[in-house]
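So that you can tell them apart, the chains are marked A, B, C and D in the order they are listed, and the count of residues begins at 1 in each.
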């Protein structure tokens, strides 16, 4: 997964982009980058591994002059982690430049790449996004947006794009609308971001969503929108609301905090925990859902797990002490709230189950009498090919174990997942138009013939 | 302020200390250090600026061999910030060594230093703690603990100390007991820490508090406790419960989460907000208090402010965009929860008022109709000389403005502080034996004649 | 200027390449890089700014597995200095890869780039070398070497290339032969390098020069050589022998030490210094020439200038003290050898004249009575377009001043340059087949219409 | 070994000190440090591991304000290598400060330390120099120089000291005069340095040597010299002229280049190599001696070994390729000069013999027919306790093997050392007043009872 942010027409475009990326940090911590274009049309790029707050030295930020900037934060995926795969991509061609930041995953990346290579293209990264840059370089059109539209014909899968062609910013969202993308304004300047929380931090007003299939361009000629991509059914990612987006964002037109609260309430109705004395969240992503569960069930909400936010990337030492402390490094229970109690622990999802198992053990060691696990989404049983880095099916614990096995494996007294229907009905605009492939296995489009090949080259 | 942690008798003493310091990171982020003593009695030290998770390279940790280790995290105070002032201090003397980690502030540091210098001592730091090391070097006694006790005669102010003399660990807490210090066990090993959360992370069981005025020593001869310091009234720091300690710790014998919940309940009784529709915390230190306020008042508890935990140390750029974003970099409101509402914002304390003012403005911009500020402690009107880095009185906003001025300055519709009595009555062991000098101005001991001089050399 | 080094068929190919680059460090200090290809045909790259001895961390070297490696050291040229311009270039195309290291400068780089861009290519650097990679990607051929040969049709200017196509190493030298390139062996392994000193350090035996216009390929099918490039007059760079190459190298078939000695002897014949009492070199590149001058003239050779080799890149502070010390930071005279004497200072060349002027002043301050400057090459009056980073003609002092002005400007009592004929007659294989454009202004091929454009994109 | 440099009374004292240390870099590469004292009498220190050119960031140099500065470069010795042992030492005492930079080794360091510790002193390093700081802190005197003189009573061994007491600079040289120390001037400012080459780089004129046993002080009251130390026989270190000092320095009143030339001439007389065709040096320290040998013998001087000056500290990789290249990384022979020849290789000294053996092997591999090794000093058979880091006697190859064994071990055809008498007669002021303990085993003063103990704590 990734976060993208762009500015058109602001004196401090790069500084705003740095702030915007910082508030999208939850969407990717592996690398961060900014491309800025100055008044003379010169593009400059700065990319670094790691966090936004670490990645840009003062001198680099000073060099990123000009009224146009786009930025990108990239999620850490095993193996393909390298500075070569940091975005935005900046290509120089015919005394001009193409910069691109991409959130999503292309499902026909292998075919696109093969076609381009047969036509003479060479690649300097393993990212699917680089194929789009090549296609834009080869495409023609009477306007920058028409050129991008031409380049996107035949590109399949999930993409939200920020593109800079010379001094035009073009943004595009695939016709299925898997990933979110919004537009805002600061005075006369335009701002584009994966989530509204990034508009908030720069003081931009939210204008509207970029629609599925829409291409918007802005430059000295002003802002215009075209609808040149083939239309398709809407498949917004339900997991953005369940887990990925920030609760202070509006995503797909609805408040994430509100949908998580609704998920928690539905969970309490579908999977009650009669006799339980305390409800608590696995902080911070499940706070809203746990509060919803507490409200609906009437069981008191407590802050029973404290999260340590000073986690460093290279922290855990290869000692026994370090291995034993894995989960404890992140969470510590408040014994006074758990001792002798029957408790409900609410989490938003279970992927591999390792953390859940560690937490259950921690909570029991702190004296809980019964541990009732409640999950505010359905069991994850399939991989995602549209931008979320779910692991292989073989590592998805709900795909590998029966309910009874799961209860035993996690060490809980009971385990209750929300149903897919329950989950969808909690979405802001109702149950329709959502992709739930990771929960249902029903992929709304063809997936790659050789998924591993695709994943290796994914820009996420 | 600082955090201290020590281990006696464990094969992985330094690795446990690193974990312990990591869970005490909230007590100090400026620098971190560890001294370890190996089986041959050789002491080694590693100290670095910054966080525990960044400060120790693998090679350094590998070198910190042996069954004894003590560690320290230091709070960042302006000016005196330097690697020279990182602890533990390690002095080598007579083929032996003295290592020391100190939490607290000495009130007669200037006099102690002058006396030592007149007697020929030289100093390599500006820390008050270095005077204690000199005094231990010069002291004699029939046992290590007697020697430390002798060295502490005449040392005034707040101190929790972890000392290593050769292969003995000695811990001491001043007779007033300002700062917390607990003892735990892992099998046959002893562990000492500022807070119980640090015992939790290493899997130690909590044995008991080190008592005010107590000196405990442990070495091959076993554990023993002496009571050689002049007795004094108990003055535990109320601010540890109000703000400083972690909610998952037990401090001064009581759960911090429970006392904060009680503070919130008392606040709702003393300073109700009739007509308000929503209660929310300034996360994360005020979560418990806000929940207490909600429970007592019946007003719903909401997660209306989202905190960004990716804050880096050198983040804010010197651009207008950066300056405007100061508070937004840390907090973002959930507009859906605030729009058109009368809201109660609960914080644990107000120091300079800058953040509060920014938050009120954020919350209003998100649409709140009325903002009622409630503070789960009394107004801070005096500086602390016992280890908390409160600024000069001139910067304490409650010392500079009347209540009416404060209301206007902060931009709130109403402002309610908890009373000192209310605050004390929420403490775990009842209202007695607490220092509330920063709230009341009533210092329980003489303070330095020239406080500035003291502060310059403080180890915090 | 740059240095290139490659290995085929050795278990420690990357480690040997690191050593080889290290001994070619004098050919470029700006950046260094290595591409290695492992037994499974996977290519990995590591590139860093700065010296070879600083650029590769242990973990990176460990990752550069496999029996094939090529490396590159790049010269620092103002402006275009950036990690994007570090080599080798590694492009991924059709599940295959193309790696390339280039020493030299293309004279039709602008045209090559324009043609490729018109055909849809995009560039990720400003280097002329990237055009060759694109051409190889688009070229076809019945063998890897035929494909490289096809790609090089129409490429004009100076190039020595090391290319890896999948698991074949292909080396090529332009038909004019401006830059040196040699082949050696370690057992069954092949080694390629700019100079023989790099074969020495890895213990390789020198096999032979790669001939002008020759393309050599080596892979599992063995070694073969083709001669597919259009033949052209030989234009070896005389400046390699005068200054650039290491004295312990054999270049263009002859010992650099021997040719420099011959240059010094001819200089003493053409430009004697009767009455002088001491001859000394500007160390270290002029040592051989000065010794030759001393032998021929009978004037004693002395070590009158001592060079400090601890020069760091960021050393000179912006203080008056720093500015005054510019030349002194690098050289200090031995006063006892100069005081009251008439001295001959031998240097290999004068470019801008700044250092020479500073040295003359140093030598006079140390007491020299008369300073006779002797230069073992002709005056540099023209820029190089074939790989040497001579500055613009406007900065070449010999192009801007008459002989009399130069004598006055440098502050010498006499100034004697070697003639072009004298210089050429000292070359190992006699005076023919050398390019002396920088001394004579007679370019052996067309130079770029807009030289500045070319220089901006030069890979050197 | 170490280098020291100090300035009194110059606006850019710290910048000059950085330049001075840079030219003394050959005396120590492990760490470097500067203490500066500003106009208000405030002392600041900057110390770092590594080279002078790497160690001081711009911001740090900017902070080192004021007209007084002293600096130190420290030699790397195994084990005790740590930032704690970097100098200058800066101690703060009684609102005042003592800064100290020391070149040399104390022979009664253990006793001095014991006495201080019994008197209550604690140490923060393992350096013998710290004992002097304690003694100065405890000493009294009617002037700063008298106080330093009092502190030095009873201090035995080798020392050149630069001390700053408040705003007075005091320099002292032990009565035996083992290490060099000179005084220079820049206008009204005074400069002190280990060697004259450091005066040259800052443009200072050489005033005179600091005499053995002399203490010089300079402050607002002007410059004065006292002679308060007990007189003793002069024991200047002959190894400074043989190897350690720079050839462009004047040391103990004589030119190092001239004495090395004389050593080479004497070597040719004592140990001729009849029939040899070529003489060459192991560069750079033996260049002068080899030239002297060539002149005296009439055998031509050649530049047959080329030294690579780009050696980085972490360069050699733990691969077979790396191990094989050890000597080659530093030196490469010029085959054309050696092939088929009988050659004389001149070096200034042989310590462990490892490098010599490697070089002989290189030279033979380059085709030399006979290798005659000539050494411009006597065999090293004893450790130094006066400041040179010679290894233990057990590692000194000349102390462990007979001449015949050495010839065989080194692989030479003949081996000739200069005699001790020959060596001493080449010294500038004649043979008397030199310490030659490392060559003769005749220590001019008592050496430590437990030398290992001393070495562990040596400041070099």
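As a working rule, a contact is a pair of C-beta atoms (placed from the backbone, for glycine too) under 8 Å apart; a residue touches a chain by one contact, two chains touch by 3 or more.
Fair warning: this is a prediction, and the values are worked out from it, not measured in the lab.
Where touching is counted per the definition, subunit B and subunit D have no chain in common.
Annotation of subunit A and subunit D: jointly contacted by B, C, touch as defined at the top. Comparing the CA-atom centres of all chains against that of subunit B, the greatest distance is found for C.
Here the spacing of subunit A and subunit B, counted between their Cα centres, is 36 Å. With centres defined as mean CA coordinates, subunit C is found 61 Å away from subunit B. Look at where the CA atoms of subunit A average out and do the same for subunit C: the two points lie 49 Å apart. Annotation for subunit B: no residues touch two or more other chains. Contacts between chains close into a ring here, every chain touching precisely two others. Every pair of chains meeting the contact definition is listed here: A-B, A-C, B-D, C-D. On the side of subunit D, the complex with subunit B involves touching residues 90-94, 98, 114, 117-126, 133-134, 137-138. Put simply, subunit B touches subunit A in their complex at residues 12, 15-16, 18-19, 22-23, 25-26, 29, 51-54, 58, 61, 197, 200-203, 246-248, 255, 257-258, 287-288, 291, 295, 300-303, 306, 308-315, 317-322, 324-325, 328-329, 332-337.
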